[in-house]
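Before any comments, here is the structure.
We just call them A, B, C and D in the order they show up, numbering each chain from 1.
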Amino acid sequence: MATVPALLTPTGSAPAALATDGRFGDYGGRFVPEALVPACEEVERAFTDAWADPRFRRDLDRLLAVHAGRPTALTPAWRLSAELGVTVLLKREDLAHTGSHKINNVLGQALLARRMGRGRLLAETGAGQHGVATATAAALLGLRATVYMGERDIERQALNVYRMEVLGAEVVPVRTGSRTLKDATSEALRAWVSCADEAHYCLGSVMGPHPYPTMVREFQRVIGDEARAQCARELPTAVPDHVVACVGGGSNAAGTFAGFLGTGARLVGVEAAGGAAITHGRPGTLHGFRSYVLQDEHGQVGEAHSVAAGLDYPGVGPEHAHLADTGRVHYTTVGDDEVLAAVHRLARTEGIICALESAHAVAWVLRAATSGELPRGCTVLVTLSGRGDKDIATLMAARDGAGDVR
Amino acid sequence: MATVPALLTPTGSAPAALATDGRFGDYGGRFVPEALVPACEEVERAFTDAWADPRFRRDLDRLLAVHAGRPTALTPAWRLSAELGVTVLLKREDLAHTGSHKINNVLGQALLARRMGRGRLLAETGAGQHGVATATAAALLGLRATVYMGERDIERQALNVYRMEVLGAEVVPVRTGSRTLKDATSEALRAWVSCADEAHYCLGSVMGPHPYPTMVREFQRVIGDEARAQCARELPTAVPDHVVACVGGGSNAAGTFAGFLGTGARLVGVEAAGGAAITHGRPGTLHGFRSYVLQDEHGQVGEAHSVAAGLDYPGVGPEHAHLADTGRVHYTTVGDDEVLAAVHRLARTEGIICALESAHAVAWVLRAATSGELPRGCTVLVTLSGRGDKDIATLMAARDGAGDVR
Amino acid sequence: MSAATVTGGALHRHLGSRAAAGRSLLVPYVMAGLPGWAELVGEFAAAGADAVEIGLPFSDPILDGPVICEAAERALAGGTTAATVLAELPGLAAQVPLVVMTYSNIVLHRGAPAFCAALRAAGVSGLIVPDVPFAEAAELGGACGAEGIDHVLLAAPSTPPGRLGEVAQRSRGFVYASAVMGTTGVREHLPATAARLAADLKALTGTPVLLGLGISSPASARAAAAVADGVVVGSALVRDVLEGRGPAEVGRRLAALRTALDEA
Amino acid sequence: MSAATVTGGALHRHLGSRAAAGRSLLVPYVMAGLPGWAELVGEFAAAGADAVEIGLPFSDPILDGPVICEAAERALAGGTTAATVLAELPGLAAQVPLVVMTYSNIVLHRGAPAFCAALRAAGVSGLIVPDVPFAEAAELGGACGAEGIDHVLLAAPSTPPGRLGEVAQRSRGFVYASAVMGTTGVREHLPATAARLAADLKALTGTPVLLGLGISSPASARAAAAVADGVVVGSALVRDVLEGRGPAEVGRRLAALRTALDEA
């Protein structure tokens, strides 16, 4: 594990200064216009400082506890485990306030923004989960929020758009390119250039220019740290044999893996077959960082396509690219049909309708338990990154479109 | 408080046998067909037995913790408190699995059903929250679930209907009467008559024939017990000056109040102006119990009308009728406009979009802080019974229908 | 058993003596407020009813199946109230005893004593309130007794032996034996549960035991009469009314049931 | 400063000597792949451009505003690629140096050395990659140097003094001074931030300092020329193309800018 020392801060230790240059092997960096470099540097300084400040940690921990409902539960999936012959534990980010792990990161960044004297948050959003989380954190801390969202996503996710508005955020339609998350991210970066002195760009995953991939992982490591401690109480072996999370930008996976990189657990990241930057992409730069990127033979960035809107991103966080290259994490993909089946299977065995994104991790477990990749009797921790309420309309459409989905 | 001894079981004490005849002053009882009396008696026996059994308590506590995410947070509403000059604490049932306090009750009843050897749960539902919770608990424990729902509600709440189906429940449309919750409850009782030997009727609030009002309160008292302990940590005075909850059937209020009846806190139950059984009803019998009931001058039960579907019930739990008569709890009403304004106010100050039901409690706090009924500097505990995700379409319609709502 | 267990009112005496004479009792149900309901009472008396049940519609009838639910809705939509019905009853000059059937909220809304007094004033001799089970019946029973109204109690296949005895002893007019675990409705055959319950009840009381709930055809009526003292027939007749059949035609269906019983 | 800070390629020499001669430099932007783009290069040269920026379209241009974003989308939709553009450039026989502007993924996709070799083969003398800031520029700068391509760096109003000096020293051809904290686009007036940045840069280097981003009118060009060595003009010209104006007409807009600069 010597290649990823920054991930090894032990749970509960006194905050240590983060020494990182923002590189993960060949990946990462800060590929932004010169105009944005000082803003990134300021975020880096502020974050490094805050992360080493016990008061900041205490404030954040308290917000996570009293507002976001942390720690989230670790649920033994009794019936599914019995059916599969494998002990499945679910880390329940679906129970966090606003319905996904996104809140962990935005509360951290919103506190940081306040510390930096910023009065406004900018954010990109695809399906709307990060946008809702950002709007939530902004309301809570009395900041304004401007959320960039592709025009097509605005049409598809009207309920989340309205949630953001109810929370007082301004939702700005993005009409460039494919008018989806990728373009919303570009637009948020463009907007940041002109208001970096008063606004903090609250990026939603472990991507973007340094320090975002590191910072967002640190804000999400609470998932892995909690799960590690909970597994120690729940499992005779203390550590599960396998740890599985879905990978879009990669923040819930990074946060989960952060708790287990120093263990012997086998780590598995599951991408959407139609948005698998690691599995099907090539190294490239996008949105300020170097990583695997879906692109055509001319270097134009591709569009991702997944039934899970939150995985519709053609890039992936740079640390994942590095973890893939070093082999520490195994990345794989599942297809939309398996994902839909996994939502239904988990709902019927455990009474949990998880997000379509999270169902990618579940789908891999179902497949691997059947194929023998997960041996009988082994233990698997699965991060449920969010709840499926936002996906019910999609599930209904899938049912109506294809009778065999259930 | 000598009038309500059953409520005084101290937090964390060894389970005590519940001695109750199902009467709350003049209210309560068991007004069901003779055919159902044995089924009610069996539930009563089983519940009394289970509630005194430390193993049952342990199993339920564990389910509530690892599956439903209890304890739920107690959130100081910092910004709202500052605006109002009153310390507002929010008990966050919106963070419980499936999005409301309903899960507390159904997990208890589902465990009880399994203990009684029942393979199926019956339930009524209006907006669908109790139906979803029942379907969830059934899936978790491997029971079948049949949920009765008025045809009009099925049309209005298509997403919740589909959530229940994804969870494996059968949703039965009810075409009698007003084709809403009241009729769904009648139909569930009718159905129970013919399958009481194999199915447990999993009633959704502190209503119905004995032992339901007592049993559901006991399953919901976890709200009040947790909040009591959390307030003791959070407040210098240990106990808040006021404790506020919305009242539909009255289960989240009963559970909340159960933790504070033995204290000096002033208790306030907030009904929907258009469904205010206590404020506008008369004593009557409905669905197996005697209580305040909205009815016309001929004794026909009225329809309730509230922007909050979960408060669209013309009756109220019998214990509330008694607590109103004795004066221990103050019951009041708020109107739809105040409720909509309260949702927006809480969203913008605290980043929480609460359920329209819960917003009744918030709306009363806003009004009472303005009118001086809540003196400056006092402390108020408000139970947020659920999250507002289910209500976004209603909020959008209200906005489009009336520009002044926000 | 107290004195209340041995006395009874007009209904009690009327049915008791007919049953004692070996007649299979037939009690049809009329939903008050439906078109022609008043005439139907007369048709039923003429067709051989031993008493007529008058249903006062209630908004939430938890022991009724779809047919009577719909009938109640229609009656309510037409403005029917307990008061309008009770006001019409004396004018019917019914040739047989009338038994009102309604739900507890309609009774309690006026208060049981006032309600029972109104029944007596309207010439009603019995009362059935299906959502007031034995354990809740003391107050209502007292009010009925005070006005000479026979309070008919229900027993069900699920009723345990001890309570079955109490129901049998306390019920006045007849004992309403639920033929099935279920609601009112039209069923093809006499449920298996019926015979056992009727036999148990008859062993416990001399009061006539009538089977009700789901008895609709001459065949099932005949089967019921073989094990009980008679039948209550509701949904099959109400359905006729809902489908637009006039009093004479519905009366003919009752006559056929009468014939079936008499042949048994 | 190393030797790299004092040498420069054809673009560097060309612009340096013109600026030294007192001429206000004018560098217009052409989105390669739009209708008539190749002719436009000639028109611009004829209208007094000192060099022409050739934009290679990229799917996610984070320093570009709506006009150039739309131009890139249209160019891509028409099948434009780096390869098709570079293949056409030699045929233009451009009368002024060409500077390619594109985003880092287009460069890194081929690898910086191969990309720079292709630029040289196509007769390009400079390269601007706005999402490779100074701190990330070492690899790309090396590749440019190896092929004799002048690597133009950007400075922004937010760039701190220390780095400003490094950018000024390392930039080849010219220093691209961002007139505003923002993206490319059409702005009415020269932003207040521009003069200060230009002055700071001019104090740090003899390399020409050109103001870009938002300069669109003769008035703002003239104001820019008063504080810097010239201007880069993009969106105002691209907008003409998007609105359907032909190369000659767009050339006339450039000529007007030239006149404004020369009068300054």
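Everything that follows uses one rule, which is that a residue touches a chain if its C-beta (ideal position, glycine included) is under 8 Å from a C-beta of that chain, and two chains touch if they have at least 3 such contacts.
Because the structure is predicted, anything quoted here is derived from the model rather than measured.
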Intersection of contact partners for chain B and chain D
A
How big is the gap, in whole Å, between where the Cα atoms of chain A centre and where those of chain D centre?
37
Between chain A and chain C, tell me the centre distance in angstrom, where each centre is the average of that chain's C-alpha atoms.
66
What's the distance between the Cα centroids of chain C and chain D, rounded to whole Å?
97
What topology does the chain contact graph adopt: line, ring, star, complete, or other?
line
A full list of chain pairs that touch reads A-B, A-D, B-C
List the residues on chain C that touch chain B in their complex, please.
58-66, 69-70, 73, 76, 81-83, 103-106, 108-110, 130-136, 153-160, 163, 167, 178, 180-183
Contacts from chain B onto chain A in the complex sit at residues 65-69, 72-76, 78-79, 92, 94-97, 99, 135-140, 142, 158-159, 162-163, 166-168, 343-344, 347-353, 389, 392-393, 395-396
Using the touch definition from the top, list the residues of chain A that touch chain D in their complex.
29-39, 176-177, 182-183, 186, 189-190, 193-197, 282-288, 290, 293, 295, 298-301
